[in-house]
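Which chain is which? They are A, B, C and D, in the order written, and residues in each are numbered from 1.
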Amino acid sequence: MDVHEGDFVVLYFNERRWYVIKARKGARYSFNEGVVSADDILGKTYGETLKTHLGIEFKLAKPTIYDIIYNSFKRRTQVVYPKDAALIVLKSGIGPGSRVVEAGTGSGFLTAILAYIVRPNGVVYTYETRKEFLDLAKANLTMIGMDRFVVFKNKDVKEGIDELGVDAVVLDMADPWDVVQHAFASLRSGGVLACFVPTVNQLEKTAEKVREIGFVLIEAEELLSRKYKVSRGETRPEMRMVGHTGYLIFARKP
Amino acid sequence: MDVHEGDFVVLYFNERRWYVIKARKGARYSFNEGVVSADDILGKTYGETLKTHLGIEFKLAKPTIYDIIYNSFKRRTQVVYPKDAALIVLKSGIGPGSRVVEAGTGSGFLTAILAYIVRPNGVVYTYETRKEFLDLAKANLTMIGMDRFVVFKNKDVKEGIDELGVDAVVLDMADPWDVVQHAFASLRSGGVLACFVPTVNQLEKTAEKVREIGFVLIEAEELLSRKYKVSRGETRPEMRMVGHTGYLIFARKP
Amino acid sequence: MDVHEGDFVVLYFNERRWYVIKARKGARYSFNEGVVSADDILGKTYGETLKTHLGIEFKLAKPTIYDIIYNSFKRRTQVVYPKDAALIVLKSGIGPGSRVVEAGTGSGFLTAILAYIVRPNGVVYTYETRKEFLDLAKANLTMIGMDRFVVFKNKDVKEGIDELGVDAVVLDMADPWDVVQHAFASLRSGGVLACFVPTVNQLEKTAEKVREIGFVLIEAEELLSRKYKVSRGETRPEMRMVGHTGYLIFARKP
Amino acid sequence: MDVHEGDFVVLYFNERRWYVIKARKGARYSFNEGVVSADDILGKTYGETLKTHLGIEFKLAKPTIYDIIYNSFKRRTQVVYPKDAALIVLKSGIGPGSRVVEAGTGSGFLTAILAYIVRPNGVVYTYETRKEFLDLAKANLTMIGMDRFVVFKNKDVKEGIDELGVDAVVLDMADPWDVVQHAFASLRSGGVLACFVPTVNQLEKTAEKVREIGFVLIEAEELLSRKYKVSRGETRPEMRMVGHTGYLIFARKP
């Protein structure tokens, strides 16, 4: 498998130093390890070992969609962590063909993940009031070809959700309680509402509203990810850890 | 949306008591709350409220694929938790169209989740030495119509993986280190190996082998899920918690 | 070292079955493993191996004060966990000679731990409105000889703390915010207020009050204890875990 | 209560900026907030508000012993965290009057905590092979007047423990398994061995040895401390967290 124009490529130096670049004819990429020209990479085979102008070796590898999202997307907002995005997808029953409403779009990280999973027949309707975020998200998703599975809506989701009978509504916003009723109206029976909020106060207020509106099978949880440093005879958890990202609330329309 | 013959249906009594059943003409279902006959349910609309023969009310709701998997699948082995399955899917870059190798099949819980996500054009090749588990998994997946995205292989994956150029290899077995080399051979460049193991010793031995074989971007982590009891003025984590399921190792073929 | 009349003794059968008893002439103790008579134990040496009337072997061991507290105290309330009690003691600067106010007494578990640490010159003033709890706690502490380091007060601490210039105030009660001002008045400069509360709402309300009253160096934290099952080649965390006990708030009077 | 020559004093600017100093006639202390002269502080009352030469206000507060240890001790080694030190003290049954063996001394943080708790009649025997660490620890403990409850031993604890019938042995060293037998010989019946180790491999090796030597009531656990940012309507755990310090093993001599 060769590197083609426009491919995202991992330049792998070592476990701590690796970069995701987009190979574009004529482009040059500068790192601490030296300069790499796109022309040296194009046509090369994934897995091959090359050198920077300083003679430092690196390998070419194909990135996953998540490498690209988390390394190449521009971000102007807090972005969802993989652990949280993953559970949102799974517990909301989102899969190929799903119709999903999301708000707010933010930098589009979660939008991209949702789009990747609902392909090719599903669609993500994403609501964002701030035009500049929506444009950023659109640019990010266009870069990886995921924009065609998304309808970008520069609208305030608090004023209502246009789509009906959707499979899931995913809310990653500061005040989801104002949207819970619209979510209920928009969802099909058995459809899932998933909310992500950073504080315990938002957790409480959201869960309360969700219950009041008539959702059932309400679950609230948080995920802690603990990384390990693994080497023979010296295995232990990493000393530093992300102690908190946010709380997840899942609920079902009966 | 009405309940049809063969549908999986949630009979929802309250947040602690709800059941997933398969609606089949003539069937009767007994619960602590009373008996429900399938004929009372067929043709009814999701969201409707009905009563058992004891007069206890319940609502009809459509389950997610995960409700069905975790409530209706027969299990004869330890099964993967949603938090772990979700991260495996996401960090392995698995999506619609992916070609994935899995071993061992066990009761087929993870197989079903993988199949659901790779639909309709992807495929899951699942290896299992024990015929009785493979048959159980096949029956489980057939029940939800996911068997057609899966190739069930009654083979020992330690003797080699037949498929080449696959996108991901997922190992949920006691001794994954014996398969790491086969996984490397089977994966395409940039393909992901994901392993799930319960003990720190397996974690260490697997990660060591993975490094030795030439995988890169090796990550080891565990996820802790903390559930919350949320009610106004009394919000706190649940007193009881699943303290451990297993460790996850992710690695990339360069 | 021999077993004397009135000693607390551990009868150790195995890692899962062991009991703390008080050796009293003429007493008989019944377990699943058989009956043991106090007279068989009195005068025996710690470390010795004996048998029940069923011939099952056990060892005699001296308990720690904590074995006795957590196994022999009668309890009619939620009791503090060792992890929380330990951090309260340390972060409050409590040691031999400290003068400590505690409320409420409850079953006296924390009272006993505090008394044990402030011995022989310190004193614990413990407030409890419910006479029956105070009596229970007094009986518990008398059983281990710790009552003489404690002043038991059947008073509502919300009406004020009688003692002045104390080193620490420890509040394990549902509404500590009503006592924060009294704690401030009671503490010496540099004295520590420690509160233990189960819910996030109490955490927030207490911390807010503590700040308002003028305390400084305010810290809020929770401790999670994760037990391990350790055996060669099969080491892993326990599957079940206490997911939550409560939140700790520490603050200093400037 | 006034500030006297030689007192440790907290100069409190705000929740993020506070310092522990030792008030010595003629000394001057420089901070980002300006210079403070000891002569301005001596004779002042705790709780009073003063100003630096830049006019920035601070309060005088009395530190706890732990403020002094964690802020004023010189450190040349990894030091024990309060959460771990606290549980070691409590679960080992250490209190006023206890006779405790500790190895290795390191910078003396745990030694100081143990000394503080065993006062005035107990004693800590601390073993350290590296003379420079022992001297550092001695200087640290002398600074707070805790050296008189400690016997500093420049000996290799692997060659044996001189003391007999001790109440607890606390091992904070890389290879505690070589000392487990000596600990057994040194402890009284019912005495507690507590070990602190950073890796899972040490955990396994230590626990195995402890079991082999004949200890009982063996427990292995780790503590996770999660700090909270508490403010009205915005309460949540801190984003950053110490993900790991080490594993604790407790065992009892029967």
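The rule we apply is simple: a contact is a pair of C-beta atoms (placed from the backbone, for glycine too) under 8 Å apart; a residue touches a chain by one contact, two chains touch by 3 or more.
Given the structure is predicted, the values throughout are model-derived calculations rather than measurements.
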(message) With contacts counted as defined, which of the two, B-C or A-B, has more C-beta pairs across the interface?
(response) A-B
(request) Tell me whether subunit C and subunit D, two copies of the same sequence, contact each other through the same residue numbers or different ones, using over half shared as the line for same. (result) same
(message) Based on mean C-alpha positions, I'd like to know which chain lies farthest from subunit C.
(response) A
(message) Report the inter-centroid distance (CA atoms only) between subunit B and subunit D in whole Å.
(response) 47
(message) Taking the mean of the CA coordinates per chain, how far is subunit A from subunit B in Å?
(response) 21
(message) On a C-alpha centroid basis, what's the spacing between subunit B and subunit C, in Å?
(response) 43
(message) Please output the residue numbers of subunit C that touch at least 2 other chains, ranges allowed.
(response) 200-201, 204, 226-227, 235
(request) Sort out for me which residues of subunit C touch subunit B in the complex. (result) 198-201, 226-227, 233-245
(message) Looking at the complex, which residues from subunit B come into contact with subunit A?
(response) 1, 10, 12, 15, 18, 45-47, 59-66, 82-83, 85-87, 89-93, 95-97, 113, 116-120, 188-192, 200, 203-204, 207-208, 216-232, 235, 247, 249, 252-254
